[in-house]
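Each of the next two complexes has chain A plus one other chain: chain B in the first, chain C in the second.
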Partner chain A sequence: MCEDCCPDMEQTLFYILAAVTVVATVFAISEKHPVHAIVYLVTSFFALAALFYLLAAPLIAMFEVIIYAGAIMVLFMFVIMMLDLGHPENSARPGFWQWLPALLLAGATLVALGILMSNRISIPDKAAVVSIRDVAVMLFQKYGVAIEIISMQLLFAAVGAFYLGRRGKQ
Partner chain B sequence: MMATDFWIALPLLLLAVGALVTLVVGAISRNDSSGYIIAIISALGAACCTLQAPPVGMVSTLGLSSTSTVRLFTSLFCLMAAAVLVLSKEYNKHGGNRGEEYPATILFTAFGMAALASATSLLTLFLGLEAMTFGFYILVASDLKREASVETGLKYLLIGALSSAFLAFGIALIYSVSGSLAITQAMQTTLAGSSVNPVAVAGWCFLLFGMAFKLSLVPAHLWTPDVYDGTPAPVTAFLSGGSKGASLLFLLILLPQAADAGMLRLPFWWFALLSMLIGNLSALRENRIRRLLAYSSIAHMGYVALALVAGSFSGYQAAAYYAVAYGVISLAAFGAIAVMERNGCGATLDDYRGRGARNPFASGVLTLALFALAGIPPTAGFTGKFLIFAATLKSGEMTLAIIGMLTVAVSIYYYLRVISALYFNTSEQTHQDQCTIGEVVVLSIASASVVLLGLFPARLLALLTFP
Partner chain C sequence: MIVPLQHVLILASLLFCLGLVCVLIWRSNIIMLLIGIEIMLNAAMLVFVGGANHWGMADGQIFALMIMAMTSTEVSLALAMVVYLYRRRKSVDVDELTNQRPLGHTEASTDTAVSQQP
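On to the complex of A and B.
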């Protein structure tokens, strides 16, 4: 992507962004106050978007910001405010036994990652830039049927919510 | 879009447009039956379209296949949707469940199944399965009058979401190894047989575990009895016959494309063994009829896993035959239960005592379906089990085949318990139950198919071809 900047700088940027993503995600999980947790999650999404940009995928970076950091976070905020969940003093932190499965899974994932890295699976060093046009052609020609199925699915998500929401009001 | 594309996509289009028209008409007219009639007509129309062969020689650009197996399963799903709609019309009217969303959702579920059946890429395959599951999330909780149906719906939703996550992750790993979403290429690279890629193995583990949830194979079976017990009976017929059939088709689209599916022999071996044992043994002590049939469903998926252990052409053919046969048999069984429940029958075996005299038609259909599930000739259940055990013995899995036959013998006991409750316990005669013409037609066709499929399996087997 950045042909004008030196590879060292790209690598440095990558490590900074990766650290921000991991730290922000850990805080998003461990933070008691839901609104603070959401702010940390947004930070993590922004760092992730920048990472995608470094990987020569500007479109995914844009989607990450618009859809995740934008739309979905706003939805989370709405739900938290509607259900009035902003009282963290009433909730208890999960105990050790509730953390244990997550820790075990994280350990297993790290070990698997270590094994994969030690096998040195080659990663292509230069990826071609994918334009919006390429994505659109791929999406609506090759996977046109998939788009139709997803749109039907979204329609019926609304229909189902409407139908099941009538419970008790008939 | 060429004429061939249109021809191949026509059943899908009919189902989708039918669902939309049902919604629109329901919004205009206050009469529920118009929605049901439109939905039934579009499902039947889609089934008729698939029966005609598309013009050969031209290649579709949509990425949808239309082999004889695909068309057979698509028409089966459409016909099943039409049958379930006919049964639901009376059942929901009696239960006081109104709304055009219900028939539209049934059509949407059939749309998902049909999309799955004709998929040639992993993406369409997964989305078809998801669309079907999505429809069932709504249908399972559709009984608005009962509080318990919320619980059932939530249980199914959580399990369904979990299994979809497993599936999506497995497909992603398989894609990362093969670099292609096209099924043929993905299967050739990840199930190559000679060199085993660890990432591909991880992907297949996730995929198989996700499918075990959908097929309710042990150890991912615990949701089945609760969901079967809490859903409206016509939906249970669709869930048991349609969703199991579609999930099996999912595996039958993938596995025959593999260069060497030997890697999957071991997981299927354990799935088959545990499902046959635990399904049949749990059903022995069960007193609620729908839970009994749910455990029997787990056992039957175990038999199908047995056919997949064989991994040969005849094994896949037997599994596909069993998917069709089990679909028709569950339609007959749960259809008959729907008719009886509409006439005020309860859920336990005691409530079924003496029903043979009160409702001879529905009891007869239920008895035939139970005989078929028990594998008594000349029904489709017998022929299916025969094909499965023949394929397994041919592939050399002697131990597992013998255990399977023993569990089939054990299962006859609990099926006969239901039949003896129906006929050999005469209660005081009150009045005769009523059946509508639609119910009689649907149940008659289903029962006739159970017998005809069992007597003449060759015609069906000729249509079930795998590469």
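On to the complex of A and C.
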């Protein structure tokens, strides 16, 4: 991203942030308490936002922090607290027979990935930097229709959420 | 590109597998299941951004934005459904979602509407 700092530091930072993301996600999915899981997930998303910044996507990094860590996770937290779900002793922890197929499937996927990656495929590197100006021009010119469709989709989702969340006639 | 594209892909597939495990093991809690879907969508976004950085094209970042908008849509609807489920069944178990009566029925007709189903 920044040209003045040395690339070795950026590489080290990438691997550190990748480790933080993976470890925080592991803690999040194995946590029984939903509020703790969400706090771990916010950590993971912050590290992921820094990764996006390192991958020359500052716009996506900002939106990751604002929308994911800021809005969506707070929405989860709001629902958990509104429905009073923060009592992990009431919910069943997944047992061994639920872990086994999930771990088998994930292990098979990762082994397949390892075999694929061990073939040393070399993808040619094209060093071109995407600036925010490029993103904005392409977003509002080439993908202008998509923006309209997305805004319609958000409107429909808001209507649907209002409809599902109304109190009913009691 | 600060790191090879392969390393970004490896990280994304690790995150995707973690999200998959989260979806598969937390069938008793719909909140954790939605969190697993979030993790998988984030892995997809990481692939898009890594590709955009690698090939120097802005399209990947735009599709990451699209994924983000789609995720917020999905989460708002899914959490509204969680609230809807909890008000009727007092539970967040996914298995309870199979037995929902249709919207608009009054409370008295719940049992008949459920029992009339084949």
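To be clear about the criterion, the second predicted complex is superposed on the first by the 149 of 170 C-alpha atoms of A that agree within 3 Å, B and C clash if a C-alpha of one lies under 4 Å from a C-alpha of the other, contacts with A are read in each partner's own complex, and residues count from 1 in each chain.
Following the convention adopted for this analysis, a residue touches a chain if its C-beta (ideal position, glycine included) is under 8 Å from a C-beta of that chain, and two chains touch if they have at least 3 such contacts.
For clarity, every value in this text was computed on a predicted model and none was experimentally measured.
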Inset, instruction - Using the touch definition from the top, say if A:Ile38 reaches chain B (first), chain C (second), both or neither. - result: second
Legend entry - Per-residue contact with chain A, leading partner among chain C and chain B: C
Inset, instruction - Applying the touch criterion given at the start, work out whether A:Phe27 contacts chain B, chain C, both or neither, answering first, second, both or neither. - result: neither
Inset, instruction - Answer with first, second, both or neither: which of chain B and chain C does A:Val159 touch in the superposed model? - result: first
Inset, instruction - Considering only touches as defined above, state whether A:Met82 meets chain B (first), chain C (second), both or neither. - result: second
Inset, instruction - Please indicate which partner A:Tyr143 is in contact with in the superposed arrangement: first for chain B, second for chain C, both, or neither. - result: both
Inset, instruction - Name the contact category of A:Leu105: first (chain B only), second (chain C only), both, or neither. - result: second
Legend entry - Overlap of the chain B and chain C footprints on chain A, listed as residue numbers: 143, 146, 150, 153, 156-157, 160, 163-164, 170
Inset, instruction - Show which residues of chain A lie in contact with chain B when the two form their complex. - result: 112, 115-116, 142-146, 148-150, 152-153, 156-157, 159-160, 162-164, 166-168, 170
Inset, instruction - Under the touch definition given earlier, write down the residues of chain A that touch chain C in their complex. - result: 7, 10-11, 14-15, 18, 21-22, 25-26, 28-29, 34, 37-38, 41, 44-45, 48, 51-52, 54-57, 59-60, 63-64, 67-68, 71-72, 75-76, 79-80, 82-83, 85, 91-92, 94, 98-99, 101-103, 105-106, 109-110, 113, 117, 121, 123, 125-130, 134-135, 137-139, 143, 146, 150, 153-154, 156-158, 160-161, 163-165, 169-170
Inset, instruction - Mind listing the chain C positions that touch chain A in their complex? - result: 1-11, 13-22, 24-29, 31-32, 34-36, 38-39, 42, 45-46, 49-50, 52-59, 61-62, 64-66, 68-77, 79-84, 86, 92, 103, 106-107
Legend entry - Contacting residues of chain B [partner chain A, same complex]: 9, 12, 16, 19, 23, 62-64, 96, 98-99, 101-102, 104-105, 108, 111-112, 115, 121, 123-124, 127-128, 130-131, 134-135, 137-138, 141-142, 144-145, 150, 153, 198-199, 202
